[in-house]
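The chains carry the letters A, B and C, assigned in the order they are written, with residues numbered from 1 in each.
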């Protein structure tokens, strides 16, 4: 027997899709930011390191939801100001609506970029420096060394931490429902208010998160095997 | 009962791990003041034998009798286990064990380690336990280290502390499980010295060890184990000086 | 630079916003947040200690069912847990009519309940990990000296596990402080709720949210500092002399 979702089924699916998109895009952004900031923290440049540290310290001190409200509600105002500026300059009368989805992606990317930068930093430090020296000794350039030796070796150490960050990020996407994005939590919230059936919608959404976790666990297991090559005793 | 005065009797112990026999009918009688050393290659079952005596391992068959009181066993779902764990706890409190890896409780100071079981197992008052503990630390030469945590002590100090902890129970039998094997060679001497003093005092001891000098000088009886059986046993003057079994001769090395 | 200043100065000097009235809002929010977080952490620990011991139990059905509980509560967003409990209090007839009148008129209780169950799940796993990390020799020594399982847990396993768990638990406390911001989604005026109120009244997000962000940051650093001190005291036994 099918569960009667009072016609909310398709919207719930759309919501799930939005959750997945939001999570994956934020993850990609967070990975990029994390790598860049980790590199900045590992340079010899004092100001770069200080900025990296300040960034992670601030992000770690502030709740995700507050960051998100700041970005979304503040983003619209900044956008208006910027557009007004352009309007005044070139004499137009445009209005651009601030995209809350993009704001969500950017916020989550910035927040989890901070956590991931710490993970990457630790992982880079864990790579045996002899391996890098060997690469340089054979005449590999800095970039080639990074791409072929340092990065793959680093990823082996980073993977468990990144997986952890990703799990937290996935659950944090639920916060966008509070700032008005129609992710699956938002749909379930509205459906519950309309039908007064608290479990009917919330439980499937909870299962949806567990399913996403399970899928990503499979992917992580595959990645782990990739990066563990040569360390887990398997034959090539 | 003639047995009543014998501190520790074990009879015909058998033990298997995953269908691999480890003990195949081992027996031992430790009389008042005996120092029995168990020697043998690794895997011969000597540590398991010792750990069966205070039921850290439960023997599949055989008896453990402490001062005439036999440990009661029962079989549940095909597994043999002590019928009454309280009895086991009571018996363990009378047979103090000293471990190869010291096993001092890392979050307690040295004196905290020594007074812990007397207070919470024997029910001594804090003052009583403290007095007893400090006297024992004095004896093993660690009175000035009473307030240190185990991680702040050398291996030899930790092991001497662990011996003080064992003595604080005022046990009837002391069980030593390779007490010097985890120590740097230069720290072994201090621990052996304490053990010799204990033997001289007339303490009843069962010692698993690789220290042949200790066995020869101190033991009243040496048991050489091989593959879970006693290959040869007797006073050290016989067993260690004129070994009969070829395996023991080989184990003892070319000196003999 | 001048242009930038021209845009930002109004926000900084605009003291219409931080009036005694709004500051009172923030203060009220702070009280709500601290109460929610403190109480749920406290109840969470009380639940987590026996649950962690049960999770380490050799009885498969006990450890499995506790694992299932922590799996569900750690695998789904706290917001969903809050919504389920909040709406169950509001809409499920049995709950409404069972003499819980005092409870349902106030979102505090659903919030407290969901926060407690959530932090208890995380704390259970933290303690369980710390219990499992007990050096087996220390437990064996406890048994060898005749300690009962109960005494061995009370005197040896748990005291050393709590110490080991301290750094991870410190993170959990900060995590709960931050997670509690969602209380504002079920009509509670916590710190974030107060910030949202100030924002919507003046339509000025930057002062409203940056101020509250600073308050959260100060709280987070205070918690972090407290745990650093605790760790220094409680974990000194692991440091060589």
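Following the convention adopted for this analysis, a contact is a pair of C-beta atoms (placed from the backbone, for glycine too) under 8 Å apart; a residue touches a chain by one contact, two chains touch by 3 or more.
All values reported here derive from a predicted model rather than from experimental measurement.
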Q: Enumerate, in label order, the chains that touch subunit A and subunit B alike.
A: C
Q.
Tell me which has more C-beta contacts between its two chains, A-C or B-C.
A. A-C
Q. Which chain has its C-alpha centre farthest away from the C-alpha centre of subunit B?
A. A
Q: Point out which chain occupies the most central position, where each centre is the mean of Cα atoms.
A: C
Q | Chain centre separation (subunit A, subunit B; CA means) in Å | A | 57
Q: Indicate the whole-number Å distance between the mean C-alpha point of subunit A and the mean C-alpha point of subunit C.
A: 22
Q. What whole-Å value do you get for the distance between subunit B and subunit C if each is reduced to the mean of its CA atoms?
A. 47
Q | Overlap residues in subunit B, where contacts from two or more other chains coincide | A | none
Q: In the complex, go through subunit C and note every residue touching subunit B.
A: 135, 137-138, 140-148, 151, 155-156, 159-160, 163, 236-241
Q. Tell me, which parts of subunit C touch subunit A in their complex?
A. 7, 72, 75-80, 83-84, 87-88, 90-92, 174, 177-182, 184-185, 192, 195-196, 199, 204-206, 209-210, 212-213, 216-217, 220-221
Q | Parts of subunit B lying in touch with subunit C, wherever the complex brings them together | A | 54, 56, 85-86, 89-94, 96-97, 99, 101-109, 116-117, 120-121, 148-153, 165, 169
Q. Which positions of subunit A touch subunit C when the two form their complex?
A. 58, 60-67, 69-70, 73-74, 77, 81, 171-175, 177-178, 185, 188-189, 192, 196-199, 202-203, 205-206, 209-210, 213
